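Shared between the two complexes below is chain A, which pairs with chain B and chain C, respectively.
== the complex of A and B ==
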């Protein structure tokens, strides 16, 4: 029995269609047998998918991106958890300033960051270094984790931790057994948001990736500036498929709402 | 040697004296209530004993050992928080088992004691549930079981019944007292409800703006309050003029005044209003002595309607005067 009015249903349908339409179209285009970006007619073909795998540099850049997003998302969350704990719990001078500092990368254009880091990397000889690339990503994605974690931690009842302490738990045990499970939705949601932002980042990465560390979005961008053929659509379709599969898998194993919203 | 001793304990937040020079001796097995209006420092006192608030000055001794600055997790006290503070991601049984796990009690023994504690609070049937699947009163009892299962030398309860409805509250008060007597744990309970403090405690500690203003049995606090403030905080009271000119004002509780037919008492009065309390009638009266309140047992006879002329009578022996300097 629908609880929403017909207008609300219509509105939601339009929004979903508006968001999904480009994705659907790009996936369809990926199956075209033609040489141009066009929707497939009666005949569908896998030739553009085959072509993706004939480009080993695409595969390498995909692995680079995956690896980079995993490492930098984990580093960012590892940094954001203690930082947001200190900001929401602490009572020290400069708390606000610290929060501002952690969130500030949100307002710096990635273009500016990219140019600045390019010069810095050249000076310190970090060009082509995976570690420095990951650190640069950590800087721009940490705010996303911070926002989620601070939200998860404010309004959190400290007396639950006090109860654990009073029962004889050490501070480490309290963190491991009580605090962490209670902020887990914030942690996992923050990680996912960081991962997506890192995987997706192109503006800054264009400046600071070297051939050995090139990421998929940068690779795609460079490819697209030279030639426009449906192989880009095939790559996009592969990413969409992979994301959907991961989401389904997560949902099957943990339940997405449990991971991200904290409902059990 | 007292079991627990607070010695000139203070907690100041800048200029705010949340707790000021509080001294108290508690004997083993005693049930003590901290009673006082909101903001008088009850929670702060309890939190200093628990180790979550660091005392500005003074000492806390438990069984002769100075624990003033000992870390909270080394004190081994049982605490029931006002907000329950159950672990939301653990079942009822896991909540109760947590303290035993920290004490490294082995598994079989742990299970046995958890079951015992849950039986004590009548929750054995709910061991597998999560806190969010319980009612307020059930959560409260889980918190209690979690605190007593570790067999603490001292139990600290912060307004443990404040969120319960009247019926459940009374049942829980009775249960608290029974459990406390069965287990024999020394208990300190914070409350701002005088009826609750009276019904369960051996002694009541009255607090006011961070200081202790009276320590006595519930009966003494009610019958011989140390100040007019306490007198009015723990019940209703009537002021009678001094016996001699310039003497102290006298007080009498509403249930100790008698209503007589007009002209047969010691002062005339007119009923202004009446309230039905079930077992009692509460009358508001106007008299030459000023406004008066009288409580009469509902013995089944019809109540006096407003406007009735009556007389007030009392026995001089039950009049109280308040100590000099008491405010």
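== the complex of A and C ==
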């Protein structure tokens, strides 16, 4: 095994510091007792966290985001499971084109989707509707579920399914008793990945949320363009904590390296 | 995929219907509407009128204001891509040579920020680069003096590199995993210097990974919105923030739609090129 030289280790240290610096600073500043954005000295305070929970806009948008991410992740996985089954198992013309369509939100800038949906929502009177917002989120997060599910469905031995079918089990029974348990890591991993991506989505949402459906990232974006105080840092620190917890869960269920690096 | 014994049916197609319906309503319809809107005449008093015009596209290629924004976006995208190559490629190489526990630990430290909201990471940079921030404190300590960094291209590029670096590391890392370390070892034992071994043996083999990572980074950086929106201020506009202004401040939707269509087409070209690079690489390995 070749070893890294001291220059390589220094380079790696600098890159790691660069990657962690903005996350570390928001977590530190969140504990400041001062009124300005400053690093806490000897005294640490929770006052800005308290401020966040007393701020009705942040609480409402946080609840909106949790709801939205839960609903849209569930819908996305619910749609992606049958679609991925058809794409990996079926033999019909246009399978590749369909797969391309379902993965296409990965290459469409969210900004473009945002303005396109803004225009459509204005025309059909869907502005401010939670359901339409959730459907928009489903479109942009479906590819994440799809990639994990397609990988899970092509990557295992299918002789058990064939055996069950030839022994007279119905297709539904085979799916429920054999296929679903086999792809379960892909399903739950896909759900979590969808949840994170929906929870973080800001660029499309900024165009299609109304005050009643505003999400946390959109609220934060708006807040940061107007004023900057340590409350932003406290909200950010909470998000970093929540993301870290979700990432750990994702690692346990599916393996973070497989989610992030991918196997295709 | 090759098990021909499996009962592959045509009837499975209906399982894609719900998703197909969703994508038709929520993706194809709105994008078509935007394409049509971009050809609509615009009147400041009445908004979008029904008439057909190419004037918005003509304005984008002839008006210096829009041209400057597109050139700035191109420049910021290219510099970001270059920096991601210069930082990401060596980092992926160093990571791949680490011993077992550290390798995955550091890989995760480099990649996991991808999961944290862009707004949070951008806010972190606005604090780091602020006039009283740690970077300025460091500058003062080593005698450079206070520098105004917020609302400059430098700040936007710094945050973009931070957000895009994982997208560079991932494909290069994947390419390095497929590489046989013994080939590099052989080059070294035949007397090649370390640098020669990297440039002549390793680099050609990971080139497709660098190329596809570079294209992804460029596509994402050129269409980024939140970072220039928060770190660029009002004056430093990029394409995405201009579209936002056209839609929500100027209320000139047809103009905004024309810019959005150009952004979409440019992005699709970049991303499909990336796809082709990966496919060709895959085919060569099989053949």
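Going forward, the second predicted complex is superposed on the first by the 217 of 264 C-alpha atoms of A that agree within 3 Å, B and C clash if a C-alpha of one lies under 4 Å from a C-alpha of the other, contacts with A are read in each partner's own complex, and residues count from 1 in each chain.
The rule is short, and it goes like this: a residue touches a chain if its C-beta (ideal position, glycine included) is under 8 Å from a C-beta of that chain, and two chains touch if they have at least 3 such contacts.
The shown structure was predicted, so the numbers you read here are calculated from the model rather than taken from an experiment.
Contacts of A:123 after superposition: chain C is touched, whereas chain B is not reached. Once chain A of one complex is fitted onto chain A of the other, the partner contacts of A:245 are absent, as it touches neither chain B nor chain C. In the superposed pair of complexes, A:160 makes contact with chain B only, with no contact to chain C.
When both complexes are overlaid on chain A, the residue A:170 reaches chain B alone and has no touch with chain C. Using the contact criterion defined above for the overlaid structures, shared-chain residue A:59 touches neither chain B nor chain C, since it reaches no partner. Between chain B and chain C, the partner in contact with more residues of chain A is C.
Contacts of A:222 after superposition: neither chain B nor chain C is touched. The contact surfaces that chain B and chain C form on chain A in the two complexes overlap at residues 162, 165.
Considering their complex, residues 50-52, 72-79, 81-83, 85-89, 98-99, 102-103, 130, 143, 146, 150 of chain B touch chain A.
Partner chain B is touched in their complex by these residues of chain A: 157, 159-160, 162-171, 173, 177-178, 181-182, 264. For chain A in complex with chain C, the residues that touch the partner chain are 1-4, 8-9, 11-12, 15-16, 18-23, 25-26, 29, 37-39, 79-80, 82-83, 85-92, 98, 101-102, 104-113, 115-120, 123, 135-136, 138-139, 142, 154, 158, 161-162, 165, 196, 199-200, 202-203, 206-207, 217, 220-221, 224-225, 228, 232-233, 236, 239-240, 243, 246-247, 256-257, 260-262. Against chain A, the residues of chain C that register as touching in their complex are 1, 3, 5-16, 18-20, 22-23, 25-27, 29-31, 33-34, 37, 87, 90-91, 94-95, 97-99, 104, 106-128, 130, 132, 134, 159, 162, 165-166, 170, 173-174, 181, 184-185, 219, 223, 225-226, 229-230, 240, 243-244, 247-248, 253, 256-257, 260-261, 263-264, 267-268, 271-272.
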